[in-house]
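In the two complexes below, chain A is the common chain; its partner is chain B in one and chain C in the other.
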Partner chain A sequence: MINGADIHLLLPEIILGLAAIVVMLSIAVKRCHLFAHIFSLAAFALAFISLFLIHVNGTQVTDLFITDGYSRFFTGLIIAAAFFIAAISYPYFKTRDIHKEEYYILLILATLGAVSMVISNHFISFFLSLEVMSVSMYSLIAYLKNDSIGIEAGIKYLVMAAVSASILLFGFALIYAQTGQMELSKLQGTISAAVAKDILFIAGMALVIAGIGFKMALVPFHLWTPDIYGGAPAPVSAFVATVSKGAAFAFLLRFFHDLNGSVHNSVWIAFAVIAIASMLIGNLLALRQQNIKRILAYSSIGHLGYLMVALLAASVVGIKAAVFYLVTYFISMLSAFGIVSYLSGKDNELYDLDDYKGLFWQRPWLAALFTMVLLSLAGIPLTAGFMGKFYLLLSGIGSSLWILTIVLVVSSFVGLYYYLRVALMMFTHSELPRQKFKGGSFVPASILLALMFIFLLWIGIFPGTLLDIIQHLIPAI
Partner chain B sequence: MNVIFYIASIIAILATIMVITGRNAIHSLLFLIVSLLAIGVVFFTLGAPFMAALEVIIYAGAIMVLFVFVIMMLNLGKAYEKMEESWFSYKAWLGPGILCIILLGELIYVFTVTKGSGRQLTVISPQEVGMTLFGPYILGVELAAMLLMTGIIGAYHIGRRKQKEYHRLLQKEEEPA
Partner chain C sequence: MILLDLILILLFGGFVSWLISKWNQLAGRIIALITVIIDLIITMIIWISHAPTVSLLNKGPWISDFNHRWIPQLGVSFHLALDGLSLVMTALTLFVGALSIVASWKEVREKSGFFHFNTLWLLAGIVGVFLSMDLFLFYLFWELMLVPMFFILSIWGYENRKYASIKFFLFTQISGLLMLLAILGLYFIHGNATGTYTFDYFALLGTSSWGPLGFWLMCGFLIAFLVKLPAVPFHSWLPDAYVQSPTAGSVILAGLMTKTAAYGLLRFVLPLFPRSAHAIAPLMLLLGVIGILYGAKMAYAQTDLKRLVAFSSLSHMGFILVGVFSFTALAYQGTLMEMVTHGISISALFIIAGAIHERTKDREMGMMGNFWEQMPRMGGITLIFVLASLGLPGLGNFIAEFLVLGGAFQAHALWGVLAAIGLVGSMIYSLVILQRIFQGESRKEWKLADFSIRELIVMACFIIVIFWLGFFPQTILHTTQPVFDHIEQQVDIHAIQQGGAS
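Up next, the complex of A and B:
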């Protein structure tokens, strides 16, 4: 039973839930895009601030949720990402001929789902929050319903996510059947050596891997990614790439950590194969793409593969490296999609690679930021991505995962090619008229993009600050 | 009870196979209702009378009847059946079908290898369900409420048609333009 003392630990979730209801009721009174926008920004900011008001020390709130430093860090990261996405959404949707207010309700609810996933300590709460996030994403992806590609992407995601959710649920059921426990923190105690070898338990783990692997778009389950990224509105693609994947990864990391190596070797091998396949195939498939959103989609598959290396390292260093890398990945991906949506005009998005020809000569600062983002994704020194990859390698070597580490290095080199191809395109001189990049004159979004630029450089040059925060919040998870 | 359990499970499996293989949408839906009713019986024999009642009232009762009405209103008919036939040529289903059969074989193997622990039947009353739902799992109920809200808002947005009819006074203003 929940009591009054525990309820304040869920303050961010309560704020987000209330905000969604208030925006919904405000529509009944009067539709106003600016109000919905500013109100949701304020709600995200408030939820972020409320994180500093609560004192967490690994307290469980009923059986379902747990609030510790780890969940607090990820909650903050997700809410900050959602704030950025809400901010870049205003100029993107402003000129479009649809109702815009529902977008913010769905965005807040999707964030609520993601945040609840991160604090989940129970299969049931994880599944419910996953569904809150997925269901809002179906409609977010198909939000521009006059656009047939968006509708197609939405239906694809609906079918795939529903199937993967049922697979995940079946996996949870099998694990529950063998252990009689659905709480993560108590799961390990129920796994005896006999249970770990039990074929029903391993089958359950395999189904869970498939279900969560779908959300994280790891390789055998990645087929939806490019279509959904390409079809969804750019801010929504940013949400799918960062918040949705990050929340699923945070849960997987907690799950893996709570099992604490008491799983059968075959589960570990399955993860390793998936990681290797994601790193290689994600990067190789990106090589021949012409659509920038699809390039980012394949690149995100590769990045989640890198993250799996830190997960498999299964050490304290590994967890910290994974968290660090996820932060740099969030910043890079958010700015990349931020720029794409920033440059988008009234009815079209700038996604073709050729559209970016000569960007530098007309919008030098934007091109510089985009180059910076691409270099960070590729992991060039002096950017945040380099430090992230450095810690990943460190954790991989520390746990002597040689094959995984070598694949990580090789696929990073492959990745360099297509990132630089995009960068090169921006610096190619082109004689096209200036009006081509007509989008992008919204001041708050420019300020946020500039902030991202500073973050990327800051973390790249002085990684100590972020490391201290991680060290402080996640001493031993 | 055991005999009833097995009869109901076999009916559920057969009815579900008929749902998937049926060409006529209405027939498929009727079979789905049969399948859900059979699952209701399975729940009942496993000692969950409340779940059995919910299965009948909510799934077989409310949701499926709604489905049947919608499909009848769409009135798909023979032309749709032809179209569906062309979609599901054997090239389309052969590969996934083989993979599914392999998975089914694995599943049967997994369940035959595992030793059952025997059923200890404990009947769970509706009162206990309610106590658990609104006791330790109250936050789960709240999340489910958010889930419903998400679904409604999403469906409202996607399903909304653009209003084309204006008030007659407005129409006059529109006409010159």
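Up next, the complex of A and C:
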């Protein structure tokens, strides 16, 4: 049972839940975009600060949730990302002719779902959190209701997510049927050698992989990704790319770790095949894209594939590498979508590759940041992405996963090509008038982007700080 | 500390030059030039003043050492060290770098600030490669060279620059990543054996055996260096990148970046994997000889001046490969001389090619001819470097090729003889440059200005050095002698211990 002493451990979630209600009520009183915006920023900031007030020591809050260093780290990461997304949303939606206030409710709720996923220790709590996030995301993706592509993306996501959720649920049910346990931390004890080999248990694992793989957009469950990224408003695409995937991955990593190798070899192989397919196919499909959001979509498929290598390394180094990589991935992806939405005008988004022609000569700092982001995604030294990829390779080789690491290297080589294409586009001379890059002169968003620039460099050059934080919070899950 | 300064000055100078160029291009250029010259002076001071080489940790003849904790969690330290080999290469880098800035004084007009930023960062990356004694740091600088070069190539290059720049980047990147895997392999094998996980060169050097993986780990290093050098089957990026670069880009690419690969072979492949290196030596000698002959043949067949020079560079790289894998101190010395003198002669040739292109807006030699009449100074200077390139005694390149061939002959007479045939080839294609461009009939009415004072100064610097090296090669040989004695010892001792390193 939950008791008064434990309730404060859920402080961030409670703050987010309350914030959503307050914004909702405020709309009933008076619609004000700026209020909703600033209030949600404050709520995220408060939730983030509250993380430092609670003392975590791996306490379980009822059977459903667990608050340890690991979950705290991810909660912080997700809230920080949501803060960034909320910040870049204001200039994006400001000029648009729609009701904007509800957007923030949905954003807060989706974030609430994501942080609850991260602290879940139980199939039920995970599933409910997942649904809180998914349902909010359906409407977020289709938020620009005058935009038929956005609506299409929303419906596509709705159908796909609903199907995958039921698959996931079925998988949980099968595992429960075999083990009689839905709590992650107790699951391992119930898996005897006989159970591990049982076909129903393996089938259950396979279905869980499919369900979570859908959220993480791993190949072959990736088909929705480019359409959703392309159709959703840029800030929402950022949310899909980072928070939603990150939360799913955080749970999967905990799940996989708690099983602690007591899974059948076939499950491991399935994961490995999915990882290899995601790395290769994600990067290969990105090669011919012309739409920058779709490029980022495919690239994110590849990146999640890289993360799987660290997951499969199944070592303490692997967990840290995965967490580290996820941070660098968050920073890069958020900045990339931040720039896209920053440059978007009133009615159109700047997503066509050709639109970026000559950006460097007109907005050098923005182009420099974007180049830095692309180099980081490609894993070129002095950027955060390089350190992340390096750490991944380190964990992979540390566990002797030679094939996976070689595939990682080859696919990041493929990936380099399309990142360079985008970078080259920005450095191409363009005779177009300055007006083209008119969008984006909102000071807070500029400051945040500048901050991202510093993060990218800082982690790239002095990764020790982040490594220490990870080491401190995640000695072991 | 001084070693760190060498790199920081370049990084900082590049940044300042970029900012200053916003309001005054000339000031930006001057700052860039002064930055490199300051660095060059520091290097020369080290060279002149260094006492009889001090021995560092008994690990070889080291002059200066800088070790700082960087990412202790992963066993990465910021470890720079300088021995005779690094010293000579650093001096070469800064010398050629400074002259390349002067040479492109007029060529790069647009965004010259960003250009100098890239040039200086590129030089910093190259210097970093020559000084790094931590494999992680080495890889970092190795990759860091790519990005500025990519921008120089893709922004200021010629008509087909995008294709060339992407090809260049991809080739070097994939090979670099394979090297990273190999580095990580070393890290873990060493760590598992000793309990200390570190990327430090000297610590890894102490490992006596890499186990069954040793050969493959060496291949990881080797592939990165062979692509960058480039050696024959991996050279397809070379003609594109060399030809499409602006002058300064070609100069740095051909004159300096290829030398990082040769340096890598001498510094890492041989001492870390002596036995595997011996095992693969026949193949490498074969590739070297093929490179010499094939490069010469291809150079002769070109009608584009820069392409011709590019393939001549490929041919000379073959000598380096032969020199490295002959395993004699004589050949090592020759390799180093080849690195230096080739760095100088190829730079001069690319600057001449750039100057001709600037004047004619054309690289096709078919349209040229009888340029001597209008540009006697350029013709005379070209003659000197053409002769240097074909290995005329009295010029530095002769010493280099002579030593390499001598060393190779000692070790494997057959390969020595085959490589020597390349000299005949280089004679032919080198003289063709002179003949097609400066002599013969003029095919078109050209109005051409001869070398300006600025260009003459650049050329004078190159000429002095190439003659100096031809007559007093001891200047360099003396500095590097202890290093190569040490390498020869390392490679040899291990080879004798049959059960030893792999």
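In this text, the second predicted complex is superposed on the first by the 477 of 477 C-alpha atoms of A that agree within 3 Å, B and C clash if a C-alpha of one lies under 4 Å from a C-alpha of the other, contacts with A are read in each partner's own complex, and residues count from 1 in each chain.
In the analysis below, contacts are C-beta pairs under 8 Å (C-beta built on N, C-alpha and C of every residue); 3 or more make two chains touch, one makes a residue touch a chain.
These numbers come from a predicted model, not from an experiment.
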**Study point:** In the superposition, chain B vs chain C on chain A residues touched
**Key:** B
Review point. Thinking of the overlay built on chain A, is A:Ser136 touched by chain B (first), by chain C (second), by both, or by neither?
Key: first
Review point. Of the partners chain B and chain C, which touch A:Phe442 in the superposed model: first, second, both, neither?
Key: neither
Check your understanding: Should A:Gly464 be classified as contacting the first partner (chain B), the second (chain C), both, or neither?
Key -> second
Practice item. Kindly classify A:Phe427 by the partners it touches after superposition: chain B alone (first), chain C alone (second), both, or neither? Key: second
Check your understanding: Touching A:Phe35, do we find chain B (first), chain C (second), both, or neither?
Key -> neither
Review point. Given the touch rule stated above, what does A:Tyr417 touch, chain B (first), chain C (second), both, or neither?
Key: second
Point to revise | First (chain B), second (chain C), both or neither touched by A:Leu64 | key: first
**Study point:** Residues of chain C that touch chain A when the two form their complex
**Key:** 70-74, 111, 136, 139-140, 143-144, 146-147, 150-151, 154-155, 162, 165-166, 169-170, 173-174, 177-178, 180-181, 184-185, 187-188
Exercise for review: Quick one: which bits of chain A touch chain B in the complex? Just the residue numbers, please.
Suggested key: 1-2, 10, 17, 20-21, 24, 61-65, 99, 102, 105-106, 109-110, 112-113, 116, 124-125, 128-129, 131-132, 135-136, 138-139, 142-143, 145, 154, 198-200, 203
Check your understanding: Mind pulling up the chain B residues that touch chain A in the complex?
Key -> 106-107, 110-111, 113-114, 135-140, 142-144, 146-147, 149-151, 153-158, 160
Practice item. Flag every residue of chain A that touches chain C in the complex, lowest number first. Key: 361, 375, 380-382, 386, 390-391, 393-394, 397-398, 405-406, 409-410, 412-413, 416-417, 420-421, 424, 427, 462-464, 467-468, 471
